[in-house]
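What follows is a pair of complexes built around chain A, which joins chain B in one and chain C in the other.
Up next is the complex of A and B:
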């Protein structure tokens, strides 16, 4: 360990740490565009200037390693002056696009300009015009004028995705980002380049012009796109969710996430959801009463049925807590072991692309298997098929997947479920396959909450249990599976399942109470009321 | 702490000298009556609603969305007006423009006039002179929906005669090197 002093604070850092890393780890503010903790060092933006005692000239913090007894300062007037002129060079050809730029509000250049700039440009030459709205690939749009050539995106495709599509072409003020030989920027991690772009040069086609950054609140959660369980942030407001971005976790996903995971907000939004419980009666679908009341009425039917006549189907998309409560209800209260694991077609495969993406598209298959083991359930899917075909199971409770797109076999399986004389299908998604099914007898659809709307934990592929908190409510009538378990057991909804660590004690807030951390994070939003 | 105050005692009515006051008041009234009778042209009052007063262009009345030289809408859908609006009455939906020069434009721009407080903050926030408050203010409606002004009404209503041109022009700005 080395001792050094940064802005008057004495620190101990590991040998070989760069100054900027030391400052970053100790939450000290330093301007930087080209340096990114997950990428190699380029040293091209010249903004992370620091003054080192005994060194006549300013040094860049990203490419200077801390040595014993180093005294570092980045708040002196000399550093501020250097940063100011460095910024002026960056702004020489940067267009005044802020009103239409998607990055406005979360832009590194804007922040720096408000802190160090606010001067009139000293350039007499007109700005260099470059290509705008360049279609780089299926996910990304490039605006060359806004680019400050920090080369983060180029290094990302070289070092992380290893696809090498991007490069910097031409020289001097003609230099710009582009793809090689008409190749498209098309890889499964391409949208990370949008996250790391410090300006608005790379923008996501999906998010482009949907919302301004300052209208969105963010909250931490776990991606439920696959069994990797990347730590993510979701951005939302009262109109719904708008984007997903990765959150740093060295043990799981590092700084990155895949493009598929960024679509996991889509099935959460209202347009894709089942909002009211529905019933198939006399050849037509009707909207019934509140979801909780319908579920409660079903509990009497289950209580009067023989244990062998009851079945339960689960997918790997629920939380550990929900598995525990629903299995408790079925094995202990209803005394049945007819519980089945509905696997998406690729659940069994253990494919891994080497970075993040795994073939198992369920976030919590491991959690489900552990819960099955705990409750001694060893039934297979063929058992269910046999029991449904022989009409042994009459009352079937299915807790359907929320990310319905990965269940490509949904039509065949739904046709199998409808063989039960009384089917209760809990789902957050709209099940078109069920509506289209020909041989339905008696079906009740009940809305469920998605992972955004509940607290819980997922066990990922490596057995790591990751807890997450409720973000927001999209469909207020929907139930979570803890509530379903209580209602099916004939109880009222009273207790929230509280894990042993009491992680979610803050859930006992009044519904209209705004959480302090959210308020701090989004001061602007809440100031507006 | 001592507070200095004076007790004012009003004189009883029978001891007040009021005739002079009445006479002064009558004289002023008569002066205006005679002036307006013999000099009708300079009379300030109007025969409303047959006659109407023309307000200055700087009057903060109903909003106008300005247009470019080619008649297209000037607004770039940056949402700064909506952000700045204290009454939260502006709703904008942005979209991608087919031309790369324009890039972003509003496909819908609605102002709920019944919520608007005519503070003019939207005008102040606009970076491209796309929204102004105009001289119109007598705009009755039969129901609430008629006060929800859409983009067509705001930019191209009949009284604007084809639209008010914005002073900020992208092409000129581009030529001057901004």
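Up next is the complex of A and C:
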């Protein structure tokens, strides 16, 4: 360990630590664009200038390693002046189209300007013209004029995704980001470049023009896109969820997440959801009562049935806590072991792509298997098929997947489930396959909550248990599986109804106050990296 | 009078060939060197006070001393990119005496323990490249290159690499990037090339003239070499004299030679009987000197540094009193904007900004505050970037504007040149490219 002083604060840092890393670790503010803790050092934005005692020249903090007794500051007027000018060089050719820029509100240039700038630009010459609205690939659009050529995106494709699509072309103030001849920015991690872009140069086709950053609240959760369990932040407001971004966790996902994971918000939003309980009776689908009441009514039916006439189907998409409570209800109260694991067919040849993506598209298969083991359940899918065909199982409870798109076998399986004379299908998603099914007898659809709407934990591929908290409520009538378990066991529960409309403004904040909150929590310097 | 030390036999056409070179003392020092301890050669070079002739003037012996003391493979690169405007001495050296460079390089490579060297030649130097290639072939045939050179057990291979015409590839790490097949952009330092350079291996980059001089240091000893020049600026140096003089060309003189003699005696005075107005003493990046300063200046590292400018690559550009300094600066700012690699923000944006301001003044749209703005922008580009191109772009601006401020003010006030009395005509290089104001 080395001792050094940064801005008057004595610190101990590991040997080989750069000044910027030391400042970052100790929550000291330092302006920077090109440095990113997950990428190599470029040293090109020249903004992270620091003054080191005994050195007449300002040094960049990203490429200077701390040495014993080093006395560093970045608050002197010399540094402040250098940063101010460094920022102005970034801004002279920047279009300043903040009102129509998606990055506005979470832009590195805006943040630094408020921090170090607040001057009137002396640039009176015409700005450089560069390409606008460049289609880089299926996910991303580039605006070269906004680009500050920090090269983070280029380094990402070179070093992390190793797909090498991007490069900087031309020289001097004609330099532009672009894709190499005949290539598109098309890889399964492409949207990370949008996250690390400190300005509005790279924008996500999925998110651009949908929402202003200051109308969004963010909350931490775990991605339920696959068994890796990337730590993520979701951005939402009362209209629903708008995007998912990675959150740093050295043990799980580092700084990154895959593009598939970013789509997980889509099946959470209202458009894709089952909002009310529905019942198939006399050849027609009808909306029935509240989900809780409908579920409660089943408890009597199940209690009166023989244990061997009851069946339960689960997927790897529920929380550990939910597995525990639902298995408790079925094995202890209803005394059945007819409990089955509905696996999503593994769609990819390789189990793991070497970075983050895993073939098991369920976030909690490990949790399910552990719960099955604990409750002594070892039934097979063929067993379920046999018992349904032989009409042994009459009352089947299915807790369907929320990420329905990865269950490519849904049609086949739904046709299997409907063989039960009484099917209770709990689902957060709309199940088109069930509606299309020909031989339906008696089916009840009951809305479930998604991972965004409940607290709990997932056990990822490596056995790491990751807890997450409820983010918001999208479908207020939906139940979580803990509630389902209690209701089916015949217990009373107190359902909490939260009017969806109140969620975003529940704290009675004006948008600018919300933004202020976000800023406090989410400062560019500390969290954006 | 010129002091023909390195250039002693340059008038002989045969000096280009191996036979002619050998007849005039060629490769004797190599034979001698191969019998020496490598460290002894490094010590001799260090003692000679030889300083890098490419522009920075850093002690060559000291640079070699930075190499790690182990058996890691290492490279010797000869910087023959010679991109500094006004410089053409390396070209002459390669065309007239390729073996002088090759011998110097083999000796240097032996001293630092390098088995492979490259000569990175400016792309436009067709003749230098062919001359060098022929000479290298001759050397291979004569057993001067390749395995077991002259029976010494020392192996060395040499290659020529042709640059593609970027000024920035004359910066040593930019050159290394280019040689590695990457975009010619300087690399972050540290690590310095001596520790981690070409292909991440220890690398020494030296200028053509520096490497050629090594042979003479061995021949005459450090003390013999120090016969020329001063204590801190030892030896002779080739100067490329250009601009408004009667006899432009390359002149070899001992360091500390008076600048005014260079212009008036060797250069034959100012052309067409005009008066001297200004001199850029060390390539276009060196701050400009006024006629009055020229009187006092001697051509050595210390004197010029003291006067706020630099010896640089030894390119002396003479400007007479019929030239408009605003236009001269416009030419320079255009060059640096065109050649900025675009990596570091202050340089990428600053060089363009400087050019735009100067052109605004030239086109009659200048504002009085633009003159101070030029100084502010240039000031803030200095010392802020990975390499020295940003400084190289800023220094001429600072010196032109401060020393010839009256011409800039006149142009802003009257919309025409104080010297020429005419308004500005778009020079060809801007009309052609069409991007100066784009």
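The rule is short, and it goes like this: the second predicted complex is superposed on the first by the 488 of 529 C-alpha atoms of A that agree within 3 Å, B and C clash if a C-alpha of one lies under 4 Å from a C-alpha of the other, contacts with A are read in each partner's own complex, and residues count from 1 in each chain.
Convention: a residue touches a chain if its C-beta (ideal position, glycine included) is under 8 Å from a C-beta of that chain, and two chains touch if they have at least 3 such contacts.
This is a predicted model, so every value here is computed, not measured.
Peer 1: For A:467, using the defined touch cut-off, is the partner it touches chain B, chain C, both, or neither? Pick first, second, both or neither.
Peer 2: The answer is neither, since A:467 touches no partner chain.
Peer 1: In the overlay, answer first, second, both or neither for which of chain B and chain C A:125 touches.
Peer 2: Touch status of A:125: both partners.
Peer 1: Between chain B (first) and chain C (second), which, if any, makes contact with A:301: first, second, both or neither?
Peer 2: neither
Peer 1: Looking at the overlay, does A:86 come into contact with chain B only (first), chain C only (second), both, or neither?
Peer 2: A:86 contacts chain C only, not chain B.
Peer 1: With both structures placed on chain A, which of the two partners, chain B or chain C, ends up touching more residues of chain A?
Peer 2: C
Peer 1: Identify the partner contact of A:99: answer first if only chain B is touched, second if only chain C is, both if each is, neither if none is.
Peer 2: In the superposition, A:99 touches chain B alone.
Peer 1: By the touch definition at the top of the document, which applies to A:2: first (chain B), second (chain C), both, or neither?
Peer 2: neither
Peer 1: Just chain B (first), just chain C (second), both, or neither: which does A:370 touch?
Peer 2: Neither partner.
Peer 1: A:133 contacts which: chain B (first), chain C (second), both, neither?
Peer 2: In the superposed model, A:133 contacts chain B only, not chain C.
Peer 1: Would you please give the residues of chain A that touch chain B in one complex and also touch chain C in the other complex?
Peer 2: 125-126, 129
Peer 1: Can you list the residues on chain A that touch chain B in the complex?
Peer 2: Touching chain B: residues 95-96, 98-100, 104, 125-127, 129, 132-133, 208-210, 212, 214-215, 528 of chain A.
Peer 1: Which of the residues in chain B come into contact with chain A in the complex?
Peer 2: That would be residues 76-80, 83, 94-96, 100-101, 103-104, 127-128, 174, 176-178 of chain B.
Peer 1: Which residues of chain A touch chain C in their complex?
Peer 2: 41-47, 49, 57-58, 63, 81-82, 85-86, 89-90, 92-93, 122-126, 128-129, 148-149, 167-168, 170-175
Peer 1: Residue numbers of chain C touching chain A in their complex, please.
Peer 2: 166, 168, 183, 188, 190, 337-346, 348-353, 356-357, 360, 367, 369-370, 373, 376, 380, 383-386, 435, 437-438
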